[in-house]
Structures are given as structure tokens and as C-alpha cells.
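These notes open a run of structures that come right after.
Next, two complexes with chain A in common: one pairs it with chain B, the other with chain C.
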Partner chain A sequence: MLRKRFKSTIGIYGYLVPTIIGLILFNAGAIVASFVLSFYKYDVITPAKWIGLDNYRWVLNSKLFWTAVNNTFKFAAGYIPLSVFLALGLAILVNERIKGVGLFRTIFYLPVVTSMVGVSMVFAWLFNPYYGLVNYVLGLFKITGPAWLSSPQWAMPAVILVSVWKTVGYYMVIYLAALQNISPELYEAAQIDGANRWAQIRHITIPVVSSTTFFVVIMCTMSSLKIFEQVYVMTQGGPANSTVTVNLLIYRNAFEYLRMGRATSMAYFLFAAIMIVTCIQFLGQRWWVHYE
Partner chain B sequence: MRKSLGKRILVHCVLIVLGVAMVVPFLWMLSTSLKGYHEIFRYPPNWIPDRFQWSNYLKVWKLAPFGRFYLNSLFVGIVTTVGQVITGVLAAYAFARLEFKGRDRVFMLFLATLMVPTQVTLIPTYIVMSRIGWINSYQCLIVPFISTAFSVFLLRQFFLTIPPELEEAAIVDGCSKLRFIFTILMPLAKPAIASVALFGFLGSWNSYLWPLIVINSNDMRTLPIGLRYFVSQQGGGSEWHYLMAASLIVMLPVLLVFFFAQKQFIEGIARSGVKG
Partner chain C sequence: MRRTLVSFLVVVAVLGFAVVGYGQEEKVVLKYMTWVNALGAEWIQEDFIEPFQELYPHIEIQHEYVPFAEYWRKLMTTYAAGNPPDLMHMSVGYVYDYADRGILLNLEPYFTRDLSLEEYYAQPMKAVRYPNMETGDLYAMPYAFVMSVLHYNKDMFDAAGVDYPTDDWTWDDLLAAAKALTKDFDGDGKIDQWGFFFQPNYYTLDAAIYSFGGRVLSEDLSTAIFDSPEAEAAVQFLVDLMWEHKVSPSPQVYHGIGNLFEIGNAAMVIGNMADLDVYRNIDSFDWDVAMVPGGPATKVVRMWPDSIAIASSSKHPEEAWEYVKFMINSGKIDRYSGQRKMPIYRGLAESDEWMEYDKVPDKSVYIRAMEYGHPLDFRPNWGEWSAAREAQLEPAFLGQMPVQEAIRNAVEAVQEVLDDN
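And now, the complex of A and B:
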């Protein structure tokens, strides 16, 4: 009996070993190690030196860090509402029973599977101030397009547009799944009561998918705070630091200047920000999220 | 609900406008990649090149070892995917079926790791890799990603829908647990496994930050950082026809995979989203 139990315990660990090792080494362990490291001065080559809260103090006093925080918020302020609004709109459209709708689903989802680096390259060309397609199209409407990626005012909006274009299909599919779970009787009842399409969307669709909206907002928030590749490839944080993000600073400090301690303390600020924002979102959800 | 003709036309028009906006960047990439140097700066721009410069692709292929980049990406992607499926199936089975103390707590802890931003774990992982001398190696690109919370979560949800009686019957017939997993459970879980595999492969194929940090030689570069290397070789330059050809070389395989497996992609996301 005892032997059998022992054997089955071993069995369970057998199934979980690779996962647990991964969890300890690359997740839980790394999280702790990162925290410890944030109190050290460490450049990989010379031994680490304890410096207490100096890294955190340095980060808080760094003007560039606050610029990066500001930029990251700007990105989030554009990216999150645009993504939610567009994704829901697209989902409602491709949920209609009309011809060729499958093709549109495919098209809207297409950018999601491509690599962000490739996409960033393509958009760097599209946003070219003189020969880019974007400004050409604007020109057709007699609008003089801005210099986009080389303009401090317009670089961030351009980065936001690229990011929305790249990811909106993903959120659309999530919304689509939620829409397909709504029972048609709800709409039929509303129609009998004389509600038009807009009223149906406002009073049925939006409240019913609010739990999905909550999920999408959380996902968008997290990816906003982690934004890296777009700015790394398209702008390198410029012009005039207008697209420097926290994640870009972490990368530079860790792997260009080899200031590992400083970088981990920034990563912890970011981590704390994600936790706080997510908590607020969870607390706030009872005001607007309806669960069935 | 039948819609009036006018409404259907309206929906179609909106869809077409948005659809064009989504597709144009791809078409523009293709068009530019086939133009000659002077043609890319023509104003107003033309969509169909005067003469199709297929040689652009040959040129790009020669300027940087894209063949090697392909092999690297493919190898790393396949091994990572296989690893994720195996560890994912085993762990998901344990979390869904085996009874042990603290099971659900460990599972929650595991899910919580999805919340942690990669930047936090990136630096210690890099230090570990450089200590054990794995920088610039395949293992370094593969091992940290071989077990992911996402795949375990997705597979566990699927395993929970399979009736436990099935396993009991198999065990009575003298089937071992492992054999049950590999010969009965896995074939049943094909759709979930396909989703895990697709997302695993895609994640690996498009992965950028990690290879950027740990890879420093041309024979080890994967496609995304190979593209970046190619760009820096061109001095960031104005040779957009080459840059677009290179971008297309990098994107084409996933676009093709997507066209053949789009159902799996879309169902996979729907599955992870609705229950998340």
C-alpha cells in the first residue's frame, strides 16, 4: 500500500518535473533573483556590489525615466481605447451573416501572425515623409502629412497606429467568440419591442460582452506597458526621446550599458505599475462589468 | 433576421474600406520589393512596377545569409514547439486528473506567472545563461521557453472536458498512465494540441528581444534579428526595395502557414479568450 502510494507520488512529480523546473528557474526564481539584483551594482564582469536603494533612487531622479513613463502612458491612452473600440466594431461587422465574411475575418487577423520587426520595417517605409504611401494618400485629400517618425509630435501616434493595426485582429476574434455566445432571442425580443440596430448594440451587445471587454482591456494594458519592438525598430526612442518607453530603457541599461541592477529596479517599477493598474481594474469592474 | 439590401451594402462597404486598410501595407511591401531603385522614389507612386525586379530577392538573399537564418528559425521553432507540447501535456494531465495536495494552488501560482512582465525575468535568465556559457547557442534560444503557462492552461481546460471514465476503462484493460496519455488522450486532444503547437511555433518564430540579447553571430541569428542585422548592414539606408524584399522573406512562411491553418488559429484564440 505504502509502496504504491510512494510510486504514485513519484509519478506525479514525473509529470510535473519539466514544468516545475521551468517555473522555478525561469519564473519564480528569476523574479526573486531580479528583486535581489535590484539592490546591487552589477555589470556581469566584475562581482556584484550591494548598494541598497541607490538604484531605485537613481531611477526616480532620472528625468529620462519619467519621460519614458509619460510616453508609455501616452501610448496606453491611445492604444487601449482604439483597440477596444475597433476590435468590437470589427467583431460586430464580421459577425453579420453576409457573403465573404470569412475572407474579412482572415484579412483582419492576418497582421497578428506576422513578425513585429517586419511590420515595423514596412510601416517605417509607409510613414516616410516624402515617398511614403500614408502622406501620399493624405495628399490626395489636400492634407499635408506630418513627418511622422521624425517628428516629436507624430512619432508616438504613428507607433500607436502600427500597434493597433498589428494586434486588433486578435482582440476581434476574442470579441467574436463572445458575440457568438449571445442568444439570438435577446435580439429578437428587442426587435419586437421596436429597438433599432444601434439601440440593440448599446443596450444588449455592449453590456453582454462587458466581461470580454474587461479581459481585452487588461490584455491591452499589459501589452502597452511592455511595448518594445515597435519603438526599437522604428524610432530607437527618438526623435528627441518622444518614443522612449520604460521597456526600451530597461533594455538599454541592461544590455547596452550593462547596468543590470539599475535595469532590474526599473523592471520592478514596471511590475509594480502592472500590479497596481490590474488591481484597480479588478476593483473597478463591478461598476461596469456584468456577469451572467 | 433578414437584413434589408441597403444595410447589407453598407456593412459590405465598411468592411471593404477597413479590409483594404489592413491589406495595403502587405501589398505595398510586395510592390516596393519588386521595383528598381529609382522607381521607389517616384511621385505619385505606382503600384505595378515597370519591370518586375525579381533579382531584388536574389540580391537580398546574397547580401545576408537568409538561408541560414531560415534554418535557425525553423530548428529553434520546431524543437521549442515539440518541447512545449510534451511538457504541456504532462503538466496539464497532472493538473487536470491527478489528485495531490496543493494541486490547485500550484496551478494558480503557475497561471500567475503569466502576469509577470518578461523584463523582470529577462535579466536573471540572461545572467544564468552567460554563467553556464550558453550565450549564442541553440539551447539558449530553446530551453527557457520549453514550458509555458499558456500551453498548460489551454491543455488542462481541454482535458477537463474528457470524461474520466475513459481513463478508468483503459486502466482496467491494463493500459499504463503514460500509454493512456500518448495513445488515447493526445489523439483526442488534437485541436487543443494544434493550437498550442501553432502559438508555440509562432511565438518562437517571431521572438525578437531574447535572440537580440543572447545571439551575436551570423550563423546563429534567427530571421527577425537577421532582418535587423541586414538593415544595419544597409546603414538603415534608403534601399527600400531591398528592405521590403527582406521583410517579405521573413513574413512569408507564417503568412502561408496561416492561410492553411487559419481555423486552428482562430479557434485557439477563442478558446483561450472566452475561458480566460
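And now, the complex of A and C:
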């Protein structure tokens, strides 16, 4: 019996080996190497030179880095709540048994599988203040739209909107799975007690899917602190550095400005930020997350 | 099973001998990296590599190509892995920084030994001289170059009764023409035809600053000095085109749309001559090319080359140099850069074949522009400081900050990069 168990454990580890080797070689290796490099002046093409904490000191004193931190948190502050609310809302809607619901699910999910580069180019057109469709439609309601991507004040909100539109379908699907696991008896009982639709959502749906919400919030937090692609394609960090994010700065320093050492020290700041925020979220979950 | 293993070993052994055999014939293999797409790779293969290998059967060129956006990352990786290419295409934005790190071969001795400078355009070649643009040595060899030019829509000029641009045009002439060419046809308060479209990028902005008598960096490249009254006047002039005279679209108008000239919404545009590739396909209007305007101080046409460099670590510099020579003067117009860029070899650029190559523009303007040509400051850490400058000047072009203040911020940001080494 014991031997059999041992054998199957070996088997399980056997299956894990390829992944673990990959992780050690390509992830853990890179993580350790970049930590070491963050203490070096390193441009990749010539040998690295030890400079102690200089990279970290530079990063802390860099105005541009703090602008990037500020922008990144601004993005997170807009993106996370919008994604969670919209994803849950859409999931509740497409959980209804109505005709053509499959079509709606597909439509909302479609942006997730669309290339970000294409999406960004199309939205750059749509957001154009002079020729674009967004401000044209706003104009029909007698609203003068902002300059969106060419305005330092509105570029980040525009990037947030596009990002939410692009990814909300993914979180919708996750919520949908959670919703379909809710036992219908709960709703029946509530109905008998006279709870209306809104009360049912508030007192049954939201608490029951709170563990899913926790997961979605964590995922959204991580992806928003790492935001790169959208700003790289849509705004290149502009206008006037209003959409420069930490990850964009890391990329440019590492691969465009020949400052790999400095880029790795920024990456460690980012890593620390994600770590701390995620820990806080894990600690905070006991006040609002319910597991069945 | 065993039989396949045996035959496999035999094959390996035979192949092994074959490789050793090659070695005895002293076959030279050159690794060659470029930033082209699949079509460009085909052109390079057929127009350069294959004819070259026919001439030099003992040299084999292994071409590896990556898209431009990934090129520098990939090139850096080959250095990190200790396996850099012998030959690599080199951009003006990096040649100084790469030469500064000692990884490019000094081509000056090879050039003076085999070629004579009079046969080549010396102005764009300044971009690859190190450490000094005027007196330094060549650390890469340009094969073709582009310059900033003024393209104009002849139909719009004719309709407005405005004379075509001439070689001695100044910025004031351009402004006067742009005023006559800016139209709101339907009177809805929105401009339908812009007189002049430009983006405040490195070739428009820098050339304007120099033509007003300013400089971007000090001659020793250590100080940002575009806060001089002359440089400020140049930036102010460009901002005024958008916000005071309203003859040029502001970034709010063109963001996300791209080139308003190409879609027939602007009468003039400053672009680079490689736009030929795009404009050649325009059939909805007639266009031609002119020199960029001069300023109160002088006229400056920014010109900058695409080059090929040899790694200082290459074991076969002579063979690599043979390829470089072949590439800059293969004796015919290649399809890769020959059609849309100007060959560095004067004999080819000034040949009837190249001048007549595509009928639309009058290419003699390029030759006449040579006397005003200069690459200007693509160095040091150019990518970083030019991005910093662009970001700080942007509020001025968006009409949200006085020019003087934006310039002050930009000079500070650029200086920070220059001081940081």
C-alpha cells in the first residue's frame, strides 16, 4: 500500500519535472540574475561593473520614475474597480436564460482574443478629438469631448477605458462560472421571503461569489501594476509623460537606453510593490471573503 | 531499432567529415544581422548576398533578420552570449554609443586604403564618425541615407493660385503660402484643408532650431543649449503655426490619424524622403518634392544614413569589409534601400538610372540639397534624451504651456540624461 502510494507520488513528480525545470531555468534563474544585476552598471553589450546601491539610489531620486509610479497607481485605481463591477454586471446579465445569450457571451469575450496592437490603433482613431467617432457621438448630445489621448489629463482615463473593454470579458467568464455554481435554492428561499431582485444580488450573489471577486481583484491588481502593452502601442507614454508606467520605463531602460542594471532595480521596486499589495489583500480577505 | 541507430550514427559521421572537409578549404563564414521583414530579407538575399557569394565563393554569409523593434534587444543578447555577428546594420541613434563601448571596428583605415571620399556623400557620413562628427573616424559605413524634405500637393497649390516652393524658400515664405492654403470650405468653423502639416519630431524640430541660428547640444556634446533666444524663436515659430496662425494641425487634430498630407487634408508636409514609398501610391492628387525652408540664420537639411558595421570582435574583418564595399557599390539599384533612399555612392545616386527611377518627383532637388546637409546631434544616449525632450516640449505644442517654460523643462531633462553616465 505504502509502496504503491510512493510510486504514484514519484509519478506525480515525474509529470511536474518539465515544468519545474522550465521554471528554474527561465524564471527563477532570471529572477536571481536580475537581482544580482541590479547592483551593477550593465548595458548588456559590455561587461557589468559593480556599483553597489547606485541604481536604487538613482531610481529613488528620479522624477520620471515617480511620475511612472503615480501613473501606474492611477491606472490601477481606475482599472480595478471598473473591471470588477462591469465583469460581475455582465456576468449576471449573460447568466439569464434568454434567447441569444451565447451570442452576447461571445461578443463580450471577443475583445479578449483580439490583438492589443490592433485594438490600440483602432481606438487611437476613435479617440481622435477632431475626426474621431467618440467625440462625434458626444457632440450629438451637445457635449464637447476632451482631447483624450492627446491630452495629458485625459490620456490615462482613455487608456483605462480601452483596457477595461479589452479584458472585462475574461473576468466575466470567471464570474459566470461562479454564478452557475450558486444553488438555485438560495434564490428560491429568498424569493419566498419576499426579497426583490436587487436584494437577491446584494445578499446572495455578491457574498457567494466573494471568493471569485477576491481572485479577480488580485489578478486585476497584478496586471494593472504591470501595465505595458496598451501604453507602449497607444501613447508611447505620452503626452508629456502622462501615461509612462513603471513597466514601460523598465522596458526602455533595459532595451532602448542600454541601462539594464537600472532597469532591473526598477523591476525589483515593482516586484516589491506587487508583493506588498498582494499580501495586504490576502490579509484583508477575512473581513469580506466568504468560502463555502 | 538498433539498425536505425547504426544508420543514424553513420549519417552523423559522414556529415562530420563533410564539415571538417569544408574547414580545410578555408571557408569563411560571416554572421550578418539586419532589421528587415521577410520581403526585405529576400531583397537583401538576392541583391546583395547571392551576387556577393558568387564573386567570393569561399565566403558564406549567414543572414539573420529581425524586425526593427526587436533588433536591438536581439543584438544585445548576442553580445551577452559572447557570440555577436560579424556584420550588423547600424542606426544613427546607436552608432555613437556602440562605438563608445568599443564594440565596433574602426573602418577608417579600410576606407582610406580602398576608397576615396570624393566618390561618396560626405555629409551623411558624419553621423557615423566617432568621437567627433567632423574629424572622427568611421565606425560604420553608410550604404544609403534619407533627408528631410518638403512634399507639397500641386493640386491644392494650383487651386489656391500659390506659387510652388523654391530652393530659397524661408520659413516666412512657407507661412505665407500656408495661410493661403488653409481652407474651411463649408464654413462650419472646422478647417478642412491645412496649409502645412508637421510633427515636432527630431528632424523638423532640430533642423528648425539650427536654421534659426540655435543649437541643440554644445559642440562637445556635454550641454543642452536649446534654451538660447534663437532656439526659442524656432520653437515659438513652430508652435505659432499651430496656435497663432492656425495653418498647421495641432497634435489634438492629428493624433491617431497619422499623416494628413497622405490622405489629402494638408497642402504641405515636412517628412523624410523614404515617404516616397507611400506617396508613390497616391493617385488622387499630384504632388512633388522641394527643399525644406531656411531660417533667419541659415538653411539646414537634416540627413541621416542607414549603415553597416563590423564587430570589433570579428575574426574575419577583411572578408566582412569586402561585403561592406560590395553593398555600398554593387553597381545597380538594389530593391532594399535603393528605391526609397539615396545611395551613399555618388556615381549611383547621380546616375540617370536612379534619377529616373520613379517618375513622380524631381529628384534633382536631393542633389541640390546636399550643400545644406548635416546629420545633427544623434548622440550621445540620443534615444533617451530625445524622448525626454519630446515629452517636455509636448505641452507647448498642445497649446497648454508657454514655450519658454516648456523649453526650460526640456533642457533640464536632457541635461539630466547627458550628465548621467
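Worth a mention:
As a convention for this text, the second predicted complex is superposed on the first by the 272 of 292 C-alpha atoms of A that agree within 3 Å, B and C clash if a C-alpha of one lies under 4 Å from a C-alpha of the other, contacts with A are read in each partner's own complex, and residues count from 1 in each chain.
Basically, a residue touches a chain if its C-beta (ideal position, glycine included) is under 8 Å from a C-beta of that chain, and two chains touch if they have at least 3 such contacts.
Note that the structure is a prediction, hence the values are computed from the model and not measured.
Following the overlay on chain A, a clash is recorded for the pair chain B and chain C. Of the two partner chains placed by the overlay, only chain B lies in contact with A:Y170; chain C stays clear of it.
Of the two partner chains placed by superposition, only chain C is touched by A:A147; chain B is not. Looking at the shared chain after the overlay, A:P239 reaches chain C, while chain B stays out of its contact range. Once chain A of one complex is fitted onto chain A of the other, the partner contacts of A:D43 are limited to chain C, with no touch recorded for chain B. In the superposed model, A:A190 makes contact with neither chain B nor chain C. Looking at the shared chain after the overlay, A:A30 reaches chain B, while chain C stays out of its contact range.
In the superposed model, A:F255 makes contact with both chain B and chain C. By the touch criterion stated above, A:W125 is placed in contact with chain B and with chain C alike. In the superposed model, B is the one of chain B and chain C that contacts more residues of chain A. Overlaid on A, the two complexes show chain B and chain C touching the same residues of chain A, namely 44, 121, 123, 125-126, 128, 130-131, 255. Residues of chain A that touch chain B in their complex: 9, 11-12, 14-16, 18-19, 21-23, 25-31, 33-34, 37, 44, 90, 93-94, 96, 98, 100-101, 103-111, 113-119, 121-123, 125-126, 128, 130-131, 133, 136, 165, 169-170, 173-174, 176-178, 181, 184, 187-188, 191, 197, 212, 215, 222, 225-226, 228-229, 233, 247, 250-251, 254-255, 260, 263-264, 266-268, 270-271, 274-275, 278. Against chain A, the residues of chain B that register as touching in their complex are 1, 3, 7-8, 11-12, 14-15, 18-19, 21-26, 28-29, 32, 40-41, 43-45, 86-87, 90-91, 93-94, 98, 100, 106, 109-110, 113, 115-128, 130, 144, 146-148, 152, 177, 202, 205-206, 208-209, 213, 223-225, 227-228, 231, 240, 243-244, 246-248, 250-251, 254-255, 257-259, 262, 265-266, 269-270, 273-274, 276. Here chain A touches chain C in the complex through residues 43-46, 58, 64, 121, 123-132, 147, 149-152, 237-241, 244, 252, 255-258, going by the rule given at the top. For chain C in complex with chain A, the touching residues are 72-73, 75-77, 79-80, 97-98, 101-103, 190, 249, 251-257, 381, 383-384, 387-388, 390-392, 394-395, 398, 400, 420.
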